[in-house]
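Both complexes shown next keep chain A, but they swap its partner, so chain B is in the first and chain C is in the second.
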Partner chain A sequence: MTLLAHAIAASPPATLSQEGLRGRPLAWSEAGDLGLWSTEWAPDIKLERPDALEHHRLVERICAAQPCLPVRFGTAFATSDDARASLDKRAAALHAALTRVAGKTELALTLLWRDSPGPLLIKSAAGPGRQYMEARRAEFAAREARRARAETMVDRVVAELAIDRQLVWHETCTSDNVAVSLAVLVPTERAAERKAELERVAARFPDVIPVLNGPWPPYTFARTE
Partner chain B sequence: MKELTAEDTSLLELVDRLLNKGVVLAGEATISVAGIDLIYLGLNVVLAAVETIGKAQERRAS
Partner chain C sequence: MDVDPEGVEHGLANLVLALVEFLRQLLERQAVRRMEGGTLTDEEVERMGLALMRLEQKVHEMARAFGLDPSELNLGLGPLGRLV
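The block that comes next holds the complex of A and B.
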């Protein structure tokens, strides 16, 4: 039997339905004052995409019952002893992360560019080599301008919502479509209010389409390394 | 470039979190969808995959 990990929480474990992924038993492996919620899995059963979404729903259920750290989907342990040893090894860091996320939830804001970067037309009487270099330079300048614009939008969101920078994670221009991917950790009881505020600020940017998600378990803020 | 809908974006952001965020413990499982291992692939790669699928569909349709 394998244990498919879902979330780490402090003991004692909350009272939860004993149903894990695909209706298999949900298990609690305790190590000191920490424990791991996992599904009793069979190594020959292959994980599929619906399992990832069900893992998300399970983590949501666990987080609603007690503060928890979501574990990266697909992490499995051969035995309960292996799971306990893994928790023991990083107990201090896990405690610190649990304290950081306790009572908080994650909101996600993605800003999508309204327009794709268009083809750059360089008019020049110069030879093809020079034209090529000018085109490259113009492309680079356009890319940098987009990145600077994306960072400005992030600064504006953080300033207008008066968010502590420690509670914000972001990336800019991760693909041609995406200007900003941002996550913010907010108090669970204020999640709806903060989400509405994020929506209001993001709607003022004319060049992007905002997509708001969450509240979610604190995936982005659960890392310990 | 394939236009991303809000639904695409929400799903990709969630998948990115499930596969790339959260506590990293020593584990041994891998997941695959349509024969492609997804664990440890970032949002960029997932987005690239969406764009590739979109282009392939366009090619098939033409």
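The block that comes next holds the complex of A and C.
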């Protein structure tokens, strides 16, 4: 039997239904004042896409019951001792992360560029080598301009919502159509209100389409490395 | 351990070509910087542009030969972001 991990929380464990993934038993492995919620799993059972969704629902259930750090779907431990050893090794960082997410929930904002970069106008009289170099130069400049614009939008969001920088994670220009991927931790009881504010600020950017998601468990802020 | 030999070849080709593409793009950026700095003659810009263009074509051709889309040559490095 292996353990399929769902979330890390502080002990004592909250009172939860004992049903884990696919109706298998939900287990609590305690190490000091931390513990791991996991499903007792059989290594020969392959994980499927619906299991990922059920894992998400389980994490939501655990996070609703007590502050927790979601574990990446598919993380497994061979034994309960292995799970405990893993918690022990990172205990200080896990405590810090749990303190950071306690009473908070995650909202996610993605800003998608409305337009793709315009066509590059290169002097036709130049040779193919020069045209290639000029095209690259224009492409690099356009990319830099987009990155700078994306960072400006992140700064605006953070400033207008008066969010503590420590509670914001973001990446810019991760692909041709994504300007900003941003996640923010907000007090759980104010999640709806903060989401509406986020929507209002993002709607003011004329060059992007905002996509808002959440509230959901603090997936982005569970990292300890 | 469940290892698919074809998957290994595909994965290795992806990794090697991604590194080649990474180096090619570094060269390209350096070349553009030199062009902007005005340290290259027109003839040198033309020659360098042609060389980089052919190199790009070659890398993309090799990627397709391994069933890879050239856009797949940009590897994700987790928290560090994309390779290029």
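Structural remarks
Simple rule for what comes next: the second predicted complex is superposed on the first by the 223 of 225 C-alpha atoms of A that agree within 3 Å, B and C clash if a C-alpha of one lies under 4 Å from a C-alpha of the other, contacts with A are read in each partner's own complex, and residues count from 1 in each chain.
Following the convention adopted for this analysis, a residue touches a chain if its C-beta (ideal position, glycine included) is under 8 Å from a C-beta of that chain, and two chains touch if they have at least 3 such contacts.
Only a predicted model underlies this, so the values are computations on that prediction, with no experimental measurement involved.
When the two structures are aligned on the shared chain, A:Val211 is found in touch with chain B, with no touch to chain C. Contacts of A:Arg136 after superposition: chain C is touched, whereas chain B is not reached.
Once the two complexes are laid over each other on the shared chain, residue contacts for A:Arg223 go to chain B and to chain C alike.
Counting residues of chain A touched by each partner, chain B versus chain C, the larger count belongs to B.
Of the two partner chains placed by the overlay, only chain B lies in contact with A:Ala52; chain C stays clear of it. Applying the stated contact rule after C-alpha superposition, one finds that A:Pro70 touches chain B and leaves chain C untouched. Of the two partner chains placed around the shared chain by superposition, chain B and chain C are both touched by A:Thr174. Legend: residue contacts after superposition of the two complexes on their common chain; A:Pro128 is shown touching chain C, with no touch to chain B. Across the superposed pair, chain B and chain C both touch chain A at residues 174, 223, 225.
Across the complex, chain A meets chain C through its residues 127-133, 136-137, 140, 171, 174, 223, 225. Residue ranges of chain B in contact with chain A, taken from their complex: 1-4, 6, 9-10, 13-33, 39, 43-44, 47-48, 51. Chain C makes touch with chain A in their complex at residues 28-29, 31-32, 35-36, 42, 45-53, 79, 81-82. For chain A in complex with chain B, the touching residues are 2, 4-5, 8, 46-49, 51-53, 55-56, 69-78, 83, 86-87, 94, 97, 108, 110, 112, 116, 174-178, 181, 209, 211, 213, 216, 219-220, 222-225.
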